[in-house]
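Next come two complexes, and both contain chain A; in the first it sits with chain B, in the second with chain C.
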Partner chain A sequence: MVNVLITNLPYLLRGAVMTLWLALAVVTLGTLLGTGLGILATGRSRIVRAAITVYIFVLRGIPVLVVMFLGYYAFPALGFRVNAYVAVGVAQIVYVGAFTAEIVRSAILSVHPGQIAAAKSLGMRRGAILREVILPQATCIAIPPLLNNALTAVKQTAYASVVGAWELTYAAREIVERTLASFQIFLGVMAIYFAICYPLSLLARWYEKRLVVSH
Partner chain B sequence: MSEYLAQTAVLLASLWPKLVAGFVLTVEIAAAAAPLALVFGLVLLAPRMDARAFVSGPTVAFIELMRNTPLLVQIYLIYFGLPVLGFYPSEFTCGVAGIALQHGAFLVETYRGAIESVSTRQWDAARAIGMGRFTAFRHVILPQALMKILGPLGNQLIVLAKDTSLVSAIGVMELTMTGKLAIERSAASAEVFVAIALFYLAMTTAIGGAVRLLEYRVAERT
Partner chain C sequence: MAMIEITDLHKSFGANDVLKGVSFAVERGEVVVVLGPSGSGKSTLLRCINLLEDWQAGDIRIDGESVGYFDGGRRRAWPEAKAAKVREQVGLVFQSFNLFPHRTALENVMMGPLHVRRMAKPEARKLAGDLLEKVGLADKADQYPATLSGGQQQRVAIARALAMQPKVMLFDEVTSALDPELVGEVLIVMRRLAEEGMTMIIVTHEIHFARDVSDRIIFMDAGAIVEQGPPAQVLASPASERLKLFLRRYQGDYLAV
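Right, the complex of A and B next:
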């Protein structure tokens, strides 16, 4: 019963490594993009604010799989010949960026306005207020939702297999097609995903509790 | 430019009946999975909050497994795994079951959070002014929990509506699959997915609006 899983484990683990690389790229770049946009979304320019609001609204309202298909077919249509990883990766970064931007924006807005008034009355300039007063407090608030966001992003990398990028889930389907051992293989794959995702879950929950205690 | 727009319009017009059919199936999947997930979450609530470890332990293990693995793999496990056991449910059933199982596992934590967030002092106060247990729950605890739960519940339903797109991976001809086949089998191109994205956006915006309306109603009544 378990033999099939053991003989195919090296192949699955290679898929898991690919999943980890994809997840690392998507989470890092998506969070960076979203943080930048989230900060800009609280700025003074009305046009920039409106543009980012539309970006967040649209991306959050459609499935990530559709965004991936859009990336996969739009790149060649626009004349760029990219491999499946780039197409799927860029789509996921843009998607994760929208969720991150919303988290960062609301974290910044949740900092008490009295803090900003106090900083202004001390004679601090805009840049300094953002850096020294707003961002440190907003970071504390944003960390738990950002970790949950990263968790969702890691799980979403599995959907890349539907579009045609080889990673853990793709590898699992190949093995199942060959061996027909669907139960063992998919349960094994679930265990691998769980090993990656559960620590992230625990970290997010630990941070949430700490935040509640400190308030 | 205008020529391009005209071509795209013709293309989308020719695909329109298929897209609408796909969208209807997407709505059907969501409409079948959402009530199942809501009820499944409720079913898990009692064993999840049970004081005995041999009841709550396995429940927590199941919930965590569902929450920390991709929905796609769960759907694959059901769709490719059940035939091994001698069951042959349809693609539609497998997809709906997968979505309901994962979202039920997320919803039970939402329910728990809302119930636990209503302070026990509210209970004590309601009982102290002479309310019976049922009256206290009906008029004090439930309205407050309901107010707190509607927002997260709405968000979960929006995620559920978007997750129906994963059922395309096991060959159900819903909206996403319709777009993929249109590109593979005809002259359609990436623009189809822009139209599909708008369909999904309309659906999620409608759910979001409905939940906000409900929140407003509940707030008005209490």
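Right, the complex of A and C next:
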């Protein structure tokens, strides 16, 4: 019964490598985008703040699958030919960026106003206050939800298979079509996703413990 | 020329008038204590002097320079960078310390010299070390604020403000959040500063300290100065009913009406 899984494992693992690349790109770029937007969302320009708020609220109200379909069809509609990975990647980056922006924004706002008053009273300028006072404290607050966010993002890459980007889940469906051994194959897929995500969970747990100790 | 000169300062939060035309001056080297019940506008006054609050009318001059607003034509607030220039010269110590929790005591004191004065690190370290020694905390330099007592944290906060070598120091109820046993160590540091000739405005509820250290006491109530004068006179023979009541309550007569 496990034979079919073992025979097809190399193929699944090749899919897993693709999933890893996709996840790495989505998490890194999505987090960078979201962090930038999250910082801007606490800035002085009312127009910028409003625009980011709209972006966050709209994206948070749409299922990631729909965002991906939109991304997949948007490029051709605008006259660009892009491959499925780019379409899926961009859509997921934009999606992850919205959640990240909200985490970063609220982490920055949760830094005690007295901290900013103290920094200002020393004569520190905006940039220095952000760099030396706000961001170091906001980072501590933001890291656990950001890791959680990254976990979700990794798993969401499974949707890529729906628009024809070949990765772990897509590979699994191909094998199932051929072998009809859906249960065994998806059991294997489950184990692989878990193996990818588990280190992230461990990292989050470790960080939380360290945080408790330092306070 | 007065170090600080405030003329007819008006400040409101929405419909709530917090300062209703406050005027006074503080001479170079003078130590002024501001007394008054909660909500009388004392803290807001200090925050205005340090440009942490805006105000609706009136003028604040620091060392001769009118600050906070461009004069002439339409009244317009200074941009943050210009306000920061003034804050460099005016130290403020808060009731709640507001030390940077992610930095050690020494790094807290180095913050201004490093990131405002752009001092080289070894120099800033030397300056911060000297100041911690001055407030009696040389041995706590590498500890984080969370591991220090309230009195120690407040002394680090004073050192942090002094590191900018300000012309004036403002103290906003700096002992109000402390255990009674820890109040003394902070007041001693402040007293030494006063003796060294620092210009200081101190908002406090420590009346004994006010009598010992101040050159003048200003009593505020409901956003206005009710009376002021030398501490001996103001505390021993208050002219206004309001201050008499305030002092009776302070002497432990909690039933005073």
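Rule of thumb we're sticking to: the second predicted complex is superposed on the first by the 209 of 215 C-alpha atoms of A that agree within 3 Å, B and C clash if a C-alpha of one lies under 4 Å from a C-alpha of the other, contacts with A are read in each partner's own complex, and residues count from 1 in each chain.
The definition used in the following text is that a residue touches a chain if its C-beta (ideal position, glycine included) is under 8 Å from a C-beta of that chain, and two chains touch if they have at least 3 such contacts.
All values reported here derive from a predicted model rather than from experimental measurement.
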Original post:
So which one touches more of the residues on chain A, chain B or chain C?
Top reply: B
Original post:
Given the touch rule stated above, what does A:L70 touch, chain B (first), chain C (second), both, or neither?
Top reply: first
**OP:** Considering only the touch criterion stated at the top, classify A:C197 as touching first (chain B), second (chain C), both, or neither.
**Re:** first
Original post:
A:R173 contacts which: chain B (first), chain C (second), both, neither?
Top reply: first
**OP:** Once the structures are superposed on A, label A:I62 by its partner contacts, choosing first (chain B), second (chain C), both or neither.
**Re:** first
**OP:** Could you tell me if A:Q115 is touching chain B, chain C, both of them or neither one (first, second, both, neither)?
**Re:** second
Subject >> Set of chain A residues, in rising order, touched by both chain B and chain C >> reply: none
Subject >> chain C-touching residues of chain A, taken from the complex the two chains share >> reply: 112, 114-115, 117-126, 128, 132-133, 136-137, 140, 215
Subject >> Touching residues (chain side chain A, partner chain B) in the complex >> reply: 58, 60-67, 69-70, 73-74, 77, 151, 155-159, 161-162, 169, 172-173, 176, 180, 182-183, 186-187, 189-190, 193-194, 197-198, 201
Subject >> chain A contact footprint on chain C (complex, rising order) >> reply: 50, 52, 80-81, 84-85, 87-92, 94, 96, 98-102, 111-112, 115-116, 146, 157, 160-161, 164
Original post:
Which of the residues in chain B come into contact with chain A in the complex?
Top reply: 64-65, 67-74, 76-77, 80-81, 83-84, 158, 162-166, 168-169, 176, 179-180, 183, 189-190, 193-194, 196-197, 200-201, 204-205
